[in-house]
Amino acid sequence: MQSLKTADIVTILRELKLSVENNQQLLGELDGVMGDGDLGLTMTRAFTAAAEEADRSEEPLPGKLLMRLGAVIAKAAPSTMGTLVATGFMRGGKALDTTSQLGPRELAVFFDAFVNGIMERGKSAPGNKTIIDTLYPAARALQTAAAAGETLDSAAGRAYVAARQGLEDSTQMKAQHGRAAYYQDASIGKQDGGATVGLLIVEGFYKVIVR
Amino acid sequence: MQSLKTADIVTILRELKLSVENNQQLLGELDGVMGDGDLGLTMTRAFTAAAEEADRSEEPLPGKLLMRLGAVIAKAAPSTMGTLVATGFMRGGKALDTTSQLGPRELAVFFDAFVNGIMERGKSAPGNKTIIDTLYPAARALQTAAAAGETLDSAAGRAYVAARQGLEDSTQMKAQHGRAAYYQDASIGKQDGGATVGLLIVEGFYKVIVR
Amino acid sequence: MNDPRLFVDEMLEGIVVAHPGQLISVAGDLRCIVRGGDKTAGKVGIATGGGSGHLPLFLGYIGKGMLDGCAVGGVFQSPSADQMLEVTRAIDSGAGVLYIYGNYGGDIMNFDMAAELADMEGIKVEQVVAGEDVASAPKGEEGKRRGVAGIFFVYKIAGALAGEGASLAAVKKVAEKVSAGVRTMGVALSPCIVPEVGRPSFQLGENEMEIGMGIHGEPGIHRGPLQTADEIVTQITGRLLEDLPFRKGDEVAILLNGLGATPKEELYILGRKLHRILKEKQITVFHTYVGEFATSMEMAGASISLLRLDDELRRLLAQPADTPFFTQFQL
Amino acid sequence: MNDPRLFVDEMLEGIVVAHPGQLISVAGDLRCIVRGGDKTAGKVGIATGGGSGHLPLFLGYIGKGMLDGCAVGGVFQSPSADQMLEVTRAIDSGAGVLYIYGNYGGDIMNFDMAAELADMEGIKVEQVVAGEDVASAPKGEEGKRRGVAGIFFVYKIAGALAGEGASLAAVKKVAEKVSAGVRTMGVALSPCIVPEVGRPSFQLGENEMEIGMGIHGEPGIHRGPLQTADEIVTQITGRLLEDLPFRKGDEVAILLNGLGATPKEELYILGRKLHRILKEKQITVFHTYVGEFATSMEMAGASISLLRLDDELRRLLAQPADTPFFTQFQL
């Protein structure tokens, strides 16, 4: 695929919905170790609502649609991750402005705004063992690939690899936000639920792009 | 002595002051067994203040003086016994109206109003193991003696004997008022502090009358 | 806490400095507290009194639209007749003084005495003894019932009428009417501690509760395992309604009172069920008061009071009041 | 208590039925509470929000002269951005909405989000994050301080200015001024219990206390054996005064706040010593508020807040307010 159009965004949302559903139990378990265990449930709620909205929506511009999806997620999943992911979609969508197709450059802009929105909202940074630690490397990879003139497929592939590496790296980090932060050093070595969600999001985009 | 004049009332108050002072420890101990142990202290305060007031006062009428002493006791000793004894003096004094001398009949009137005032104020009756159980028999004895036309000396003697018997009887009673009531059956066989105060009051009158 | 023996006097000093102008002590005695500002000529004075440890009772309701003075006793102890007399003197403006206080032996004795002393000085005094704790004596023996949180309604309504310049007889009459129309019952989940004593006045297990316990820890009517809020309210409300009795079509005011250590959250959970029951019984609610109106140190628990209203009581209850512990705009 | 999971919603139902006309829920969500009655055109709306378990915080201050709406979270949990948005929609009258809330991560995230959503709908939103707990971060790092009872002053004064029809910018400015001029520090004597959890959030020995503990049990600055009331006040007041700093000649308002299970008697004993210290330092007291303004379920303890006043703040603080939990006539 050379660029994402509005219809592709809808497909991605359907993909994301299936993906979190399939991983609902895993996410719940990861969040259960050091959090309250609701992550699987809330992410399923979030992406079910977003996928339904995407199906229903007649919004022609991808950016506007993505913003709208953010608002829907915020309402459907009022948890930390719900709010952060919602923020990501809203900020990412806003950054796209009136773009009608997303090539490597636009996808990089989207993910950059996405992760920056989360960092701003969560007052957090890379290295804190959160969703940022998968999204941030993915966004950087997209930027690099776009600057090098790579194709969308190739850029998405690099982003996916970077996110996977990010998840691995983040597992060795010490949690500094949310409930997990109470566990301090004990959090080292444990996989973070939020980082996992970040990976699933990147993966969803990747899969649809290279399909 | 054939009748009590105002000056004799002053003498009686001095006598009562000495008497509670001498019995301060005993009263404290009696009240300590089933009460808070302050009876010796408060009675000393009460009668010291009353004796001072009696010395100072220029009130010519015995009834008015006795009422005044009641008000002074109420202020000096804001405890149960202080309030009851104050009530007794106020009511007894009031019943004497403008009488200028107390013969057997007037003394009976005084003690009758005294103990009735206490019963009304304390919502209590003979047999409840209180000050009433020494004062009430004394007042009855005065009435009987006065009705039989006995002398003041003789009437006062009978009152004293009755009060002593009352104290003995009350020791076998079960307490129904104040803190002692919490002890229920355990109060039987113990001497009541208030009843002892009643006896001291009757004794004070008796001693000065027969002196 | 500092020295337990100074508990009452330090507390009173704190209260008087916190509410300057509203409260002042008279006769050089911190325990004799009256309303600040000038007396209104011809207004009946209303005085109360009782032991400490029940804030806002008793002095907390001194102020516009409620009380004029209060004699304060030691923790759970009656103030003296002499202190009541000082308060009486300070608040009488010639129209006489009404004593409103709870049905406790020591208080009755001392207020009676104070009334007698005031009478000797030519101050007209009348008394209303409030007792509405349904758990403390059976129906038919209302005169033996302890006074608890419901006295708030007596203060509020008598205070409003006195503020309108009514006569001593009229204020007494309305106070008696309120007193006759209010019913209270409580539940305790933990004991209270008297500072000078330093240990609980009674024991209550971790998961035990006692329905009908008095505000000094007097025994109630039923002790047992902790029940749910809804069960407790159902039980208490049943007893309250049948006692007066309150009937379909009646209009009431509610007082949901925390005893000291109960979160307000819990009080509202009780209130939720209470409103549901009253609605079902077709009893209308004119106003709901929720908070701490009569406490018992750090006792955990609550009481529910219901007052049956008529036009007169509703009008007077609705009037503004401004005191250190209770403030209300016109309802 | 009934089912702990229903704690918040049952409480809210109880609150709404107890204060009909004063509080209503919007958007079919009990957790979105706004002021009853018509909106005043052109008045800036003030919204707040936060976790449950802190009554009167947060919804208790909705009413005349204070707040317009509140989003209510679970016990000690932030409400959602969506609930905040619903409240924002309901209270905006075209003049914009000011969010005033405490400095807690979850609340900030959600209010930020709500502001962004409201902005998308064309509602102007500004925010003031209150944080004044001196124990929660050192001087120089004021931005990290937790918001506790002192937020009451922010509500009161911003609410009074909004009631006068001031602009969103002006109301925000005065709220920031209050926020900058208030300092709080507390002491805890027992832990708090979250109903759904059912056990204390931390342990504190029988005769232990912790100075500076947060209202969710966040660690304080000093844990040790129980001290006397005077010692505690001396220590806390010292920290408060040096922090702002408050100086000789300053005028302040005091807020003596009980955390839930502390008898009012004890609060006044603390107040007594506080007044003595301030007098000695030649700091005048304009007004003393005493009671439960921000609680933590049945936690035993208290906090002291001091607000430095100037002419503007004094004038606004003195204005009347009428809310379910706080009522004040013109001072």
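Just so it is clear, A, B, C and D label the chains in written order, and each chain counts residues from 1 on its own.
Assume contacts are C-beta pairs under 8 Å (C-beta built on N, C-alpha and C of every residue); 3 or more make two chains touch, one makes a residue touch a chain.
No experiment lies behind these values; they were computed from the predicted model shown.
J.: Going by average Cα coordinates, which chain is farthest removed from chain D?
T.: Using the mean of the C-alpha atoms as each chain's centre, the farthest one from chain D is B.
J.: Using the average of all C-alpha atoms in each chain as its centre, how far is it in Å between chain A and chain B?
T.: Going by mean C-alpha positions, chain A sits 92 Å from chain B.
J.: How many angstrom lie between the CA centroids of chain A and chain C, rounded to a whole number?
T.: 60
J.: State, to the nearest whole Å, the distance from the C-alpha centre of chain A to the C-alpha centre of chain D.
T.: From the centre of chain A to the centre of chain D is 35 Å.
J.: Line, ring, star, complete or other: which one describes how these chains touch?
T.: Shape of the chain contacts: a line, open at both ends.
J.: Going by the touch rule stated at the top, which chains touch which?
T.: Taking the chains two at a time, the touching pairs are A-D, B-C, C-D.
J.: Note which residues of chain C are touching chain D in the complex, please.
T.: Interface residues on chain C, with respect to chain D: 1-3, 7, 10-15, 17-19, 52-53, 55-56, 228-230, 254, 256, 260-272, 275, 288, 290-292, 295, 297-298, 300, 320, 322, 325, 327-329.
J.: So in the complex, which bits of chain B are touching chain C?
T.: By the definition above, chain B touches chain C via 67, 71, 74-75, 78, 80, 83-84, 86-87, 90, 120-123, 177-178.
J.: Residue numbers of chain D touching chain A in their complex, please.
T.: 79-83, 105-106, 108-110, 112-113, 116-117, 120
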